[in-house]
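In the part that follows, the structures are each spelled out as structure tokens.
Two complexes are shown next, each including chain A; its partner changes from chain B in the first to chain C in the second.
Take a look at the complex of A and B:
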């Protein structure tokens, strides 16, 4: 089952950086600080670094897996390793996971809009608008989706500069004494932290769309490094700006941080920030939908034209069914747990499985 | 063909536009200051000040100038946190809280505790973080509905007053700083105290809080200057002191840059040693002429160092007796002590041995010598 992608629809290796980075930075970055500091206190920022390192290892495994498989993506790989029927079932589960992943991002962003800007805006209407927008990108194919990933990087970058404002209120002594927590606590926080880095799992689906995969390695790791850097700065700024007790009461620390930002033209930055954030969230949704439709196309042998509307309608309906914060929170923690096991347990497992399988098959 | 394809999405986009209330700036009233007065059990008198912008005649030749008067509304209700529904019945147009820049509590309410209000301010996304909270000596209703010599709206007057004082005389305190200390461990929040006197408003000191309750104050101006020296680096602010003998005179100096460092030893013991080290650069602005300036300047700075050290230590002793920690000595100790325990610290704090060391470097003496 060799998937041949014409060069016309492939993207250059450099784009891997944006594809990976854009998919990792989504809604998680708005409020991950309090979850890790609940475990590791003011040392929690170290968990960001250890998580960053762990993603590099997983990415290395992914490259090894895909290079050795003949098909080139996760769908082909699983069928190759586990046979037609089990492989098909596993692929289906993976697609369900990616679909729920998109749903989580979409629904969480809508929640942010509802809480911060428009409390009376219905989930259905917002979901409709965002999905309509996503649709216009997804039908453009992978190159268009890559384009929006790149643009999201450009649009999101100014939000980083805004961190200067909270730094005026920084208490750097909040970070002292360093390494007060036990390494175990930091490891536990690392597990929680991985949840914000999950997005790069999609890499296994769009891998065949990258020209000269060997060259893309460097850029993919750069992508992960950029993400780690982004999260690290975000965490550090939050820890020097908020006191630990205050952080406990703050759901979206990045958004609360924007409350202190002020420009002469607009008094309250969070409204501007949340609006710009659409462009940070959009590639997550687009790339996710694209990957699901791509997988479904291979799995069901149907044309993508039929699958895209189907996937969007499924998303639209399931999105509307989540009506309050508790449900959204449950969805979030469920998907993150599944995602953690997918990347950190399942991927290494099939790596070992593949190694063994290749060794066994070789002599014959 | 392409246009046909585009039509449907564009048409669909119009559907959700009817879903929202729009708030047009001309059809709402923006509340800028809120005051809460304690009335009795669970009853709070809330007052809001809403600037009323009217177009001026444009007499200066440029564009139309605008001036503002203030409308204020007051109602008594059980919870004063947001704008009570009762208040909306008094207003011509809906009152919105997005531009609130000052929130006042009267002394009685502050003494009874403002925890409910703090919870509300932290929770509502509409509330910013740069706004000022303040305690009012007297009634907030009177203060907000009063007429002042300044021609601006009272809310803007209040905000400017606090803002400029924070730059030079008072430590930084806005809502963010308040929440930071209120929720954090090892630091207690502070607020400025305002008072209406005639057709002016003045700041009379700093209110000390313990767990959302107002428990004491630092009077302005010298004590607050020393307090600011100990709590953060800053420039500006004048210090005046009386130099005894040879010759006795009032000396005043201007701070042109100060730094403060804390060093803590034995943070977990029953009496931690804390050294507060202040380094200040100063300009002498007022002093009698002397024939030997160098020696004289030396003398002044030595005397002033002694004076600030003494007063600063007295101030900290006062805090310790009241067991409030507005300087954040607890947080400073935590950052320099492994395994710091907040509960134990509460017992140890009154016994802490706090020393203040001040180094003053006189840079200039103005344009005379």
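Take a look at the complex of A and C:
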């Protein structure tokens, strides 16, 4: 099962930071505040921190799982643990999940474009052109995909500086009193919050493509830390700018915050912001497609060059089938729930299973 | 494809004469081929050469007197007596053909005798070493390459006076047999790179080789890429500088340009002037050039996108100016921009094709008359005219001509994308270029190197140029065998105040 990956397609351990960070920051960050504050009110930002901590634990488990497996990725691991047939079935389900994850991101971004820039824009046309763009990245292999992950970090960084503008009108008393909510409410908000952090599950598929995996541990955790920091700042800025009542009616709070940014030569920053956001969403789509096709390559023993167009066509058709906001929302919450159980229930489960299995097998 | 074509094998004609007799029959057809018999009491011999390739004065002054001397009996005597270092006694028709075409003189005892003595009397004709015309600089050396490869090599060798500086000669072109030299410094240049260049040069199969620009297209990593993958330069000082960095330089006979490889995209935007200025100014000018590139590519597409779809982006006060300038224009912004961009391209092309003196007239006619007249006629708006002109100006700041052409032309896909999908279209188009650049390599090394893969140490000479005190290592992407220029730690030992 072990496939040798040439050094030419591997990336340096530092890139793990960008791979993990880029995959976690997607469309979710544009409007997650509303969902968590609905549960935990103005204390919801604490849920961001607790979620951040929980992701570190899951990542630690992932590293343990992959280090002990011989194949080096999730596909090999599941076949090793559950045998040929069950393992194959589970792998297939995981790939379906990742594929729908990509679909969610793609469709939600198109939704954003439709709501904010081009209301009349056809879903089919936008989906086609974005997938075509994704194709040109994925065809370049893992290094190119990592490249766009890294570049998205650079392109996205200026958007972070723009947060300064709403801070001019900040009302810090919005955050007071601290710890008003019960810990239970914060834990519940944590569960909702995890949905935004899901992307790093793909890590289990590209793990063998990282040079010197031991060194990458540090960077992977830094990646998670960067994500937590990004979400925390975003949440705090929204909470000090919007009151709880306003937040209830703001679907895309980050986009609404961009509206007040103004420069002497241009206004209405959200147009520019959404445009730059393409490069924040693109790594999600590219890395997702890459991971799915890589998994399918191992699973079906077909060349990746044949699978990529197939997967893109599937994505293109299914993307076009979602025609309104409600469907997109349903898709989002469905994938989120599945993702939550995948990361926080299934991964710990196979970890324990692997521990037991190794203990049992050892004496023989 | 210029690489070895394995599918179909076209039989090539025998370009070489089999025997000396055949060869001479071929040569005698040309009027500038001179062959005459020299008769003496003791012996007679036939002397033949191309009078257009041979330094006739040299032949009369330094060669013929030795042959006419009394004691000479046969070719061996001539060989012993002639004060020429490059002298061959051969029976091989191929060698004779090759040499006589280069400007050698053939001496035979009898007409069409198979034993020939060939010796060099090459006339070096070509232009004098002149000032650089494309990569001009205010300060720094003022020499540029010429068409003769030996003169060019001389210019480089003067600047790299070490035995480790190696020159490998390869002949390219099945018919032309053009001399191509590969230059590198042993011990600095990466061996893998040297082998790659050598392999690619050897693999080129084509009938002739006219210029370095042709060679660079044939041996590039991606022949379909709009981006040049090798830097061509006419400055020997720049060539010497890149050799010391650990790069490989290719010279082609007959071409006043040298190719340096491997390269990264940022190097195309660094003029060699940057190394002569204090680092603050050098860095400022480099950043200015990079800004110019972004402006040149994006300004008119942004104009089209904003005015077609997103007028909300413009602040109220600015919108007034824009609208008043556009109010009487009958065309949509896209057509307006396209017309102006095409006009500018027309002007540039006309300027490039015409002789310099007429070119200036064209500049005045085109710039002033077409510009102001089209605005007054109400065909384009003032604002767009300013933007397009500034963008054209900005595109000419790129020091490398080939890259400048790329920058000028890639704005057209952006323009179309802007018309189709507005600002999102520009981002999508940009995305396609990013994807292409991420995949592109130069000699197998990543093309956008200091950015991705991220190499902090190479950023010292990319967007900005740090002072020479900080340039202690050679560029990492070249993987030089000897990465250090000087010992940084020792250079850093400084005295405290008042010591």
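FYI, the second predicted complex is superposed on the first by the 364 of 364 C-alpha atoms of A that agree within 3 Å, B and C clash if a C-alpha of one lies under 4 Å from a C-alpha of the other, contacts with A are read in each partner's own complex, and residues count from 1 in each chain.
Keep this in mind: a contact is a pair of C-beta atoms (placed from the backbone, for glycine too) under 8 Å apart; a residue touches a chain by one contact, two chains touch by 3 or more.
Computed from a predicted structure; not experimentally measured.
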Practice prompt. Applying the touch criterion given at the start, work out whether A:340 contacts chain B, chain C, both or neither, answering first, second, both or neither.
Written response: neither
Item to complete: Once the structures are superposed on A, label A:136 by its partner contacts, choosing first (chain B), second (chain C), both or neither.
Response: both
Worksheet item: Regarding the shared-chain residue A:180, is it in contact with chain B (first), chain C (second), both, or neither?
Response: first
Discussion item. On the A-aligned overlay, A:169 touches which partner chain: chain B = first, chain C = second, or both, or neither?
Written reply: first
Item to complete: Check whether A:150 is in contact with chain B, with chain C, with both or with neither, and answer first, second, both or neither.
Response: second
Item to complete: Check whether A:276 is in contact with chain B, with chain C, with both or with neither, and answer first, second, both or neither.
Response: second
Discussion item. For A:268, using the defined touch cut-off, is the partner it touches chain B, chain C, both, or neither? Pick first, second, both or neither.
Written reply: both
Discussion item. Quick check on the superposed pair: does A:118 touch chain B, chain C, both, or neither? Answer first, second, both or neither.
Written reply: both
Discussion item. Looking at A:14, would you say it contacts chain B, chain C, both, or neither? Reply first, second, both or neither.
Written reply: second
Discussion item. Quick check on the output: what are the common chain A residues between the chain B footprint and the chain C footprint?
Written reply: 118, 121, 129, 136, 262, 267-268
Worksheet item: Which residues, counting only chain A, touch chain B once they are in their complex?
Response: 115-116, 118, 120-122, 125-126, 128-129, 132, 135-136, 169, 171, 173-177, 180, 242-246, 248-249, 256, 259-260, 262, 267-268, 270
Worksheet item: How about chain C: which of its residues touch chain A in the complex?
Response: 309-310, 312-315, 318, 421-424, 426-428, 431-432, 434-436, 438-439, 451-454
Worksheet item: Inside the complex, what are the residues of chain B that reach chain A?
Response: 9, 12-13, 15-16, 19-21, 98-99, 122, 125, 128-130, 172, 176-177, 179-185, 187, 331-332, 335-339
Worksheet entry | Residue ranges of chain A touching chain C (in the complex, touch as defined) | 11-12, 14-15, 113, 117-118, 121, 129-130, 133, 136-137, 140, 143-144, 147-148, 150-151, 154, 262, 264-268, 271-272, 274-276, 278-279, 282
